[in-house]
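Letters A, B and C mark the chains as written, and numbering starts fresh at 1 in each.
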Amino acid sequence: MKSLLKVLVAATASAASVLVISAVAFAATPAQNAATISVSQVSQSSDNLTLSARFGASAAGSKVTFFVQTQEFAGHGWMAVGSASASSSGEATYTYTPTWTGSTVFGAAVGSETSVTSPSVTGSFNVLKDPTGLPQSVIEYARPLGGAGGVLVKSLLATVAIIWVLLLGALLLVIVRMPRLAGEAVIDESRRD
Amino acid sequence: MRKVSQKKSSSDELSVISEESCGCSVDGQSCTITSMVEAGEPAASDDKEFSRRRFLSLLGAAAGAAAVIGSGIELLSYRAYAQGLPQTNGWTGNSGVTGSGAATMASSEAPPTHQWAMVIDLSMCNGCKSCTAACQKAHYLTPDQTWIDVFTLTDAEGKTYPMPRPCMQCENPPCLHVCPVHATFRQDQGVVLVDQERCIGCRMCMAACPYQARYFNWNSNVQYPKLSVPPSPEMPVPQRLGTVGKCTFCVGNLNNGLLSECAAGCPMGAIYNGDLKTDVAVNSLGSTVKLSSFLYDNNAVTFKPEQNTHPRVWYIQGDGQDLNDNKASQSS
Amino acid sequence: MKEMEINEKALLAEDGGGKAAQTGWSAEVRRAAVAPMTGKTSTTWKLIVAVCSLFVLAGIGTWLYQLKHGLGAAGYNDQAFWAVYIVDVIAFIGVSYGGAVISAILRLTGQSWRAPLTRLAEGTALVTVAIGALYIFPHLGRPERFWEIVVFVNTSSPLFWDFIAIGTYVLATVIFFYLPLVPDMAIVNRMLGKKNRPIQYKVYNLLSLKWLGTEKQRRLLHGAMSLVALIIVPLAVSVHSVLSWAFATTSRPGWMETVFPPYFVVAALYSGTALVIVVASAFRKGYHLEKYIHTRHFVRLGYVMAAMGLVYAYLTLADLLSEGYTGITSGWIYQTVLGRWAIPFWFYVVVGEVMPIALVAVKRTRNIKGMTIASLGVVISLWIKRIVIVLPPVTQPLIGNQWGTYHFTWVSVTITLAGVAAIPLGLMLLFRVLPVLSIDEMEEMGEIGSTEQISEFTAAAEKRLAVGATNGNGHANGNVNGHSNGDAVPVTQGEVQ
């Protein structure tokens, strides 16, 4: 957590500098440089999250891109998850479906997905549930007659078993019956005598 | 048990801190690599954990196997993967079954937190074969053992372009279906692995693989270094003579928050490691993309889709490149 | 082995045998069948056994070498991962089907002329199936783990079903070989007695199941044999189909062919019939069976072989044409017909199809020599044809256009030659302890059924009986093959050449 805070602090610091530059460029109301991002659950029934970012009226109408910080593959980089247009009050919201749980850092920046690569504001949120299952491609693969596999295997094994029973049965019958038949023949002959 | 988890979490912290302090992603990697090796040792000796996992897996497998094609007596086949390698994920059920993700989800309380994938951007690849070299160095392979190989294909203009080919980690792997002893198995994160301690060397899997992704340990004159961990399906060093091998997706690296060797070794950033579950993909240049949109926006394709193998490796094609053009893959 | 004398009293069938069995011809049959089991062996016999044993031992030694150094020593590589040994498995098990199916079909259709051939055919089937099954071990990289197939069963693997199929077929072949032996072992024991062979006597006594040849015993045995013959025909077909599916269930162009199961079955019957002809020809000469196996037998088997050859040529065309025409995945076809595999392919076409069929078609060559040459050509070229079926698809590039190569090494050649040498060795050792002719069956069919040159041989046999077995010289009548009856040495000295 301590390390997370450090990251947060660093991120906000850089965000502030960005905002200062933008303020100069637009020469807009300087008081409103407290850009924020907030995260909330969409509703009681939905595990999706509403990401909303305020950049003030200066950002009205422009694209706002939302980010999430990944925890995989060494980079811990910012992944753009989508973008939305800011309202006249400079607020943009985006409905995000979380794909993992745990404390997650979200961010937003003014600009389209191709023009910005990292957020100007960040905030952390503890995601408790992620509604995503595995992607469709993981679940689904079809082979023709795939479902028949079990039945096929069983019937094939049964066929093999029948063949073995027939073969060994024939052998066993000969082994058991043959000496008896010989015995009968001997008895017959002795009677004849 | 507790000791192990403590050590693991400490190594996790270590990696975060080091990443922070270095500030540079390349340095961060080198730091975490050392921490991974440390974390590897205690897990290796944890037999209880192993058997519990195995039991859980069998339970999971029991529920899942019904849905499996030609399931037969597949439960017997299970052999726990990753004996000896650290796992950052808590969930370890249902390994080694051909079962689909659906079965996994249904049969277990905690689904896998990762589903590894890969994206190869052919428009970025310059054919330098650094991926092959990095992979062979890290896994102590001989020059002809190529977990990732770079082939030369022809595009629509008749120009050639390089095409790296790792194991496709198919979701419907032909190699797995044909293995008579279940030496090939698919662990719960979707990675297809070979158990060289079980493989009988029949090479049926090599015949079945449409991607030439498998090789065989033909000769006994290969020298291997002694590692601190015993050979495992995830890190088969030393390899066994007379058994089959293939790319392991560096699943140990991925589970430790690292890139695979080939992706990390690619100077062009053409290879992305991805996670279908979290929908993230990252390359060696540190560019992080949302996997699903990345694939969609770039018209990503899989190799030989007609084979119905459902690879976990996607390709992004450049101008005129057509991976599945028959002329390129078949010639007289 | 010590010399054994034939009990003269046992030369005549006791009862039960057909009427012809009571004639002197029956005594001749018994002498000829049992002669190789008695007495000293000739120098030629010893030499052949010694040379073949050497080859087999060399093969086993080479296999041990290969175990130590890896399959790379046999020329294998990642783009030629299946090669010689799987071809050996297919080829040897294939020729085995020929022997078994020929024998079974002739038995089921009541072809009485089969009688002198059945033991040879079934013996060939038994020996070759054993050799073929053993080739699985050099094929595997880790043969010591073979037991895992039974323990870690994967029913979706074609190799599991291969294992089941071969196992079932071996069982059927053993039973099919044993059943007709029941009366013969009783006869052998009666003829050779206990002296000098106490252990063999005991074993045969046990295995002959107190055979007396009564009507009821005969009916029981025939019933069992018919059942096994009935099973073995579809079994042989399905087993070789399963073998072919080890190839055809992969997605490899050139292997994933719908034609493969019949392709393999017909190849097996074709080469199997050919090997029966070769074996019959060799044993006819070496074991003095000229009186029982005639030109007619060879010609009839030759017809069967030619028919199979035509079907096989048709299937080869069917395999190549459709893919070659569309050209979708035809790289392997080009390499087979015109490319790097053209020489072995056209060798098969000429020596394995044109030559044998021509030899059967032309009346002048339709004799024992012609049939033998044709069969030898078929056996050899069908092994080569299997190489051509396996190697082009396996070496083809599935990505890019780098073709793989396979080079024969001394390791693979030595191990393959061991199997080839094991056929005569196995048969010669087999017929050292078991009668080379199916005595009881021949007696049952009678002289008329079993032989063709009825009058000549009846005359010869009767005269022979009158003269007595001790008289070795004197007449050279009636043998169409120019082999004098008089050459046959008295059986008490019975040599095998």
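We take it that contacts are C-beta pairs under 8 Å (C-beta built on N, C-alpha and C of every residue); 3 or more make two chains touch, one makes a residue touch a chain.
Bear in mind that the values here come from a model prediction, so they are computed numbers and not experimental data.
By mean C-alpha position, what chain is farthest away from subunit A?
C
Work out per-chain C-alpha centres and flag the one nearest the whole-protein C-alpha centre.
B
Between subunit B and subunit C, tell me the centre distance in angstrom, where each centre is the average of that chain's C-alpha atoms.
One centre to the other, that is 48 Å.
For subunit A and subunit C, what's the span in angstrom between their mean Cα positions?
The computed centroid separation for subunit A versus subunit C comes out at 59 Å.
Please tell me the distance, in whole Å, between the geometric centres of subunit A and subunit B computed from their C-alpha atoms.
Chain centroid spacing, subunit A to subunit B, equals 17 Å.
Where in subunit C do residues touch at least two different other chains?
Only 155-156 qualify.
Provide the list of subunit B residues touching at least two other chains, using ranges where the numbers run on.
Residues 69-72.
If a residue has to touch 2 or more other chains to count, which residues of subunit A qualify?
Counting only residues that touch two or more other chains, subunit A contributes 149, 153.
Along subunit A, where are the residues that touch subunit C in the complex?
Result: residues 149, 153, 156-157, 160, 163-164, 166-168, 170-171, 173-175, 177-179, 181-186 of subunit A touch subunit C.
Write out the stretch or stretches of subunit C touching subunit A in their complex.
155-156, 161, 164, 168, 171-172, 175, 178-179, 182, 209-212, 214, 216-217, 220-221, 224, 227-228, 231, 235
If we count contacts the way the header does, which residues on subunit B are in touch with subunit A in the complex?
Within the complex, subunit B touches subunit A at residues 13, 16-17, 19-20, 25, 28-29, 32, 68-72, 100-102, 104-105, 111, 113-115, 171-172, 190, 254, 257-259, 264, 273, 275-280, 282, 286-290, 292, 308, 310.
Where on subunit B is subunit C touching in the complex?
69-74, 76-77, 98, 144, 151-153, 163, 165, 174, 177-182, 198-204, 206-208, 210-212, 214-221, 240-244, 307, 326, 328-332
Across the complex, what residues on subunit A touch subunit B?
3, 6-7, 70-82, 99-100, 117, 132-135, 137-143, 146-147, 149-150, 152-153
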